[in-house]
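See below for the structure under consideration.
Order of writing sets the labels: A, B, C and D. Residues in every chain begin at 1.
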Amino acid sequence: MDIKRIVEDNDTKAGRLFDLVIQFLIVLSLVTFSISTLPDLSESTHQILYGIEVVTVIIFSLEYILRILVADQKLKYIFSFYGIVDLIAILPFYINRSVDLRSIRVIRLLRLFRILKFVKYSKALKRYRAAFLSIKEELIILIITTSFVIYISAVGIYYFENDAQPEIFKSIFHSLWWAVATLTTVGYGDIYPVTVGGKIFTYVILMVGLCILAVPAGLLASAMLNNGGKTKDRPRR
Amino acid sequence: MDIKRIVEDNDTKAGRLFDLVIQFLIVLSLVTFSISTLPDLSESTHQILYGIEVVTVIIFSLEYILRILVADQKLKYIFSFYGIVDLIAILPFYINRSVDLRSIRVIRLLRLFRILKFVKYSKALKRYRAAFLSIKEELIILIITTSFVIYISAVGIYYFENDAQPEIFKSIFHSLWWAVATLTTVGYGDIYPVTVGGKIFTYVILMVGLCILAVPAGLLASAMLNNGGKTKDRPRR
Amino acid sequence: MDIKRIVEDNDTKAGRLFDLVIQFLIVLSLVTFSISTLPDLSESTHQILYGIEVVTVIIFSLEYILRILVADQKLKYIFSFYGIVDLIAILPFYINRSVDLRSIRVIRLLRLFRILKFVKYSKALKRYRAAFLSIKEELIILIITTSFVIYISAVGIYYFENDAQPEIFKSIFHSLWWAVATLTTVGYGDIYPVTVGGKIFTYVILMVGLCILAVPAGLLASAMLNNGGKTKDRPRR
Amino acid sequence: MDIKRIVEDNDTKAGRLFDLVIQFLIVLSLVTFSISTLPDLSESTHQILYGIEVVTVIIFSLEYILRILVADQKLKYIFSFYGIVDLIAILPFYINRSVDLRSIRVIRLLRLFRILKFVKYSKALKRYRAAFLSIKEELIILIITTSFVIYISAVGIYYFENDAQPEIFKSIFHSLWWAVATLTTVGYGDIYPVTVGGKIFTYVILMVGLCILAVPAGLLASAMLNNGGKTKDRPRR
C-alpha cells in the first residue's frame, strides 16, 4: 500500500518529504511554545501563536490517526513508545479546552514531549541511543559515585562553613547545592566557602573528587572504544 | 550454618533481603542526619528524627554483634576495615550519651562514616575501587602536578595583583584559593585579577596549566585502557 | 619562473622569507586592529595605527596582484577559497574610502577575515582541518545532542523558577541563556535557580546532561583514534 | 668516592637520606616564603622566618659547592639546567644583602625557582616530562588553535556588547579577558554579555569553540596512547 509506505518508511521521495514536513512542524511548534512564554506579548501575537498551535495540532492529530489506520497491529502501535509520544504530543491541547484554567501551566509543559517525536526522525540520535545503551553500566557507576562524592562534600563543607555563614550554609541540603555547583565546576558564585578550613576542604575535595570522577569517565571511554566498531558499523554500512 | 550465610553472603534470597534492609537503613540514617541539620525544626520533628536514629543504631548494633558471632576469626573481623567501619557507625551515638554536650557536633560528624558501610554492599563501587587501585600511580602524578601548578600560579598572581587589590590578594595563601578556583575552572567570582598583567598571567597559566593537567589525564586514560580487560573482566565473568 | 616559486611554494629560502613577512604583517594588522578599538586614544596614536594600516593593505594588495599574475589559471585562483580570503582582507579598506562613514563599524569587522590568510601559512592548522573533517559526523551529533539537552533544560528551569524570579527567568529564551552557561559549566553567576525544585532540577540535568554529552565526546575520541594514523602520517612523512 | 655517590645518586641509604633532607628543605623554604607574604606578621615571626631562611640558604649553598666539588666536569655541571637552578635558588638571598631595598620584591620572586630543584628529585615529574616532550607538537596545535578561537570570540563579542556595555567591553583587549574566562569555562562573572545578540554569539562560540578544542585534545590523547608503551616502560622496567 502506498500511504503505508509514505507514513512508515523514508526510503521513497514522498516518505522523506512527509518526514521533513513533520520535523518542520515539531520545530515550529517548539519555537511558538517558547515565544508564548515571553512576557508582554501583544494580543495579535497571541492570536498568531494560537493559530499556529491549532494548525500543528490538527496535522499531528491527522498523522496520529493515519499511523493507527496503516499499522498492521493497531494496538501494538498505540501502546508502543512512539505511539504514546504521538498521543501525548496532541493530548494537552484537547485537555486544555475542557478543563479548568488553573492547571493550564502544567499541561502546557506536556507539549514539550513533542520533542520526543523528533528522536524518531533523527538518525544521529538513534546512533547515539545505541552508544548510550552499550555503556549503561558505566554511566550508573558514574552517577552513583558522583552522588556519593557530592554528599560527602556537602556534609564536610557544612561543618566548616555553618558557623561562619549560618545564613548561606544553613543545612546539609543548602550545602548540597554548593557541592553540585562546585564539583561540576559550574561555580555560580552565589555560595562559596570563606573560612580557611572550608577553603582547604574545597581544595582537597576538588582534587579527590575530580580524580574520582575521572575514573568512571575513563571506564566510559574504554567501554565506548571497545563497543566502537559495533556501534558505528551499524549506521554506516 | 544458616544465619552465617545470610549475614556474610548475598547468594541466597534471605541474604539479599538482609543486605537490602541494611542498605535502606544506611540511606534512611543519612537522610535523617541531613534533615536534623535544618534550622528551625519543630520539637515533634526532632523527636521523630531521634526515634529513627535510635532504631537504626539498635539494628546496626545487632548487626555488628551478629557479624562478630558468626565470624570464624572474631578478632580478624573486628580489626578489619569493615569491622572498624561498622563500629564507628554506631559508636558516636553511645559516646554522645555519656560525655559533655559541647563536643556533640564533632561526634555527630562521625555518623557520616556510615556511608562507608554502603561501599561493602555496592558492586559498582567495588569495581570502581579495582580501577582506582590500578591507576594509583597516575593519580599521584596528577595530584603532585596539580599542586605544583597551583602553587606557582598563586605566587605569580600574588605579585601581579597584591598592589592593586591588597585586601583580596592579601598573601600567597589567599592567592592559592584563587588558583584552586581558577585551574579547576570553578570560578566562583569572589576573587579575580583586575590588572592587565594579572589577566595576561591568568591567560598564560590557564593555557599552560590546562595543558599540563591534560597530560596526566592522558596517562590516566591510557592506563585505564590498558587495565580495561583486567579491571572489567573480574566483576562480569 | 623564480617569482612564481617564491610566491606559491615555501621550499626555497626566499619563499620561506616571503611567507614569514606576510605572516608577520597579518599579526601586525590584527594587533593594530585591536589597539584601534581602545577608547581615549590620542590623535598621534590614531595616525600611527592608520599609517601601519595603509602600509599593510598596500603590501597585501601587491601580494594579491602578484598571486593573480603568477597563477597558471588566473580565474581559478580568484574564485578559490584563498583567493576570496585575500580579496576580503584588503577590500574593507578601499570600500571605507568611498562610502558613507555610518557603516564604518561593520566594514571594519571584515578586516578580521585577514586571520583566515593565516590558515594557509600554518601547517598545524592544516593538520587540524584534516582531523576536523574526519570526525565531522561525530561533531554534528555532539551539537544536535547539546542543543536538545539545552532546550529541555531551559523549559524545565523556566517552570521551576519563573514564579520565584519572574524578572530573571522571564521566558524560555532567558532560561536558554541559563542552560548554556550551566551545561557548559561556565556559570557566570548572573542567573541561577533559587527554589528547591529548581536546584534539584539543576542537579538532575547536570548529572544527566554531562553524561549525555560525554557519550558523543567518547564517539569523537574513538573516531579520532581510528583516524589517528591516517591524519597524522600525512604531515609527518 | 663515597660522598660523590651520596650526592649524585640515590641508590644507597645515605644518598636517599641526603635527597630527602634537601626535598624537605625545599618544601620548608617554600612554606616560609608563603608565610612571609602574610600581612600583619609580628616581629618575632619575622625573625623566625628569617632564621629558617638563613639556615636553608646555607645548606643549599653547601650543597651547591659540594656538587661542584664532586662533579667530574665542573663547568658542565655549573652550566647544566640543574646547576643554574641550584645557583638561582640561593642567589636572591645574597643579592638582597648588597643592593638597594627598592628592588627587594622582584628578587624575592626568584626564590620561587627553588621549586625547580624539586623536579630533579621527583621520579613522577621526570616521567611526566617524558610524556610532555612526546606530545609537544599536539600541545603547540592546541595552544595556537585556542589563541585563534579566543581572538575571534573577543572580536565578535566586542561588536555585540560594546554599545550596550561600553564600560565593560571597552575594547578588544577587554573582550579577550571575557573570551579567556568563557572558553576555559572558568566564568568568574565579572564580565558577561547582556544583549540577545551577544548571548546567541556566546552560545555559538561555546559550541564551536569547545568542539574545536576537543579535536586537539583528541589528538593529544591519541598521541599519548601511541607513546604509552614507550613513555611508561622507561620508569617501570
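The rule we apply is simple: a residue touches a chain if its C-beta (ideal position, glycine included) is under 8 Å from a C-beta of that chain, and two chains touch if they have at least 3 such contacts.
Values in this document were obtained by computation on a predicted structure and should not be read as measured data.
Enquirer: More than half overlap in residue numbers between the two sides of the chain A-chain B interface, or less? Answer same or different.
Expert: Homomeric contact, different residues on each side for the most part.
Enquirer: Can you give the rotation angle that fits chain C onto its twin chain D by Cα atoms, in degrees and rounded to the nearest 5?
Expert: Result for this pair is 90 degrees.
Enquirer: Using mean CA coordinates as chain centres, what's the chain B-chain D distance in Å?
Expert: Inter-chain centre distance comes to 29 Å.
Enquirer: Residues of chain B touching 2+ other chains?
Expert: 173, 185-189, 221, 225
Enquirer: Which residues of chain A touch chain C in their complex?
Expert: Contact set of chain A toward chain C: 30, 33-34, 37-39, 105, 109, 112, 115, 118, 122, 124-125, 127-128, 131-132, 135, 139, 142-143, 146-147, 173, 176-177, 180-181, 184-190, 217, 220-221, 224-225, 228, 231-232.
Enquirer: Please name which positions on chain D make contact with chain A in the complex.
Expert: Touching chain A from chain D are residues 185, 187-189.
Enquirer: Could you please specify the touching residues of chain A with respect to chain B in the complex?
Expert: 137, 140-141, 144-145, 148, 151-152, 155, 158-159, 162, 166, 170-173, 182, 185-189, 192, 196, 199, 202-203, 206-207, 210-212, 214-216, 218-219, 221-223, 225-226
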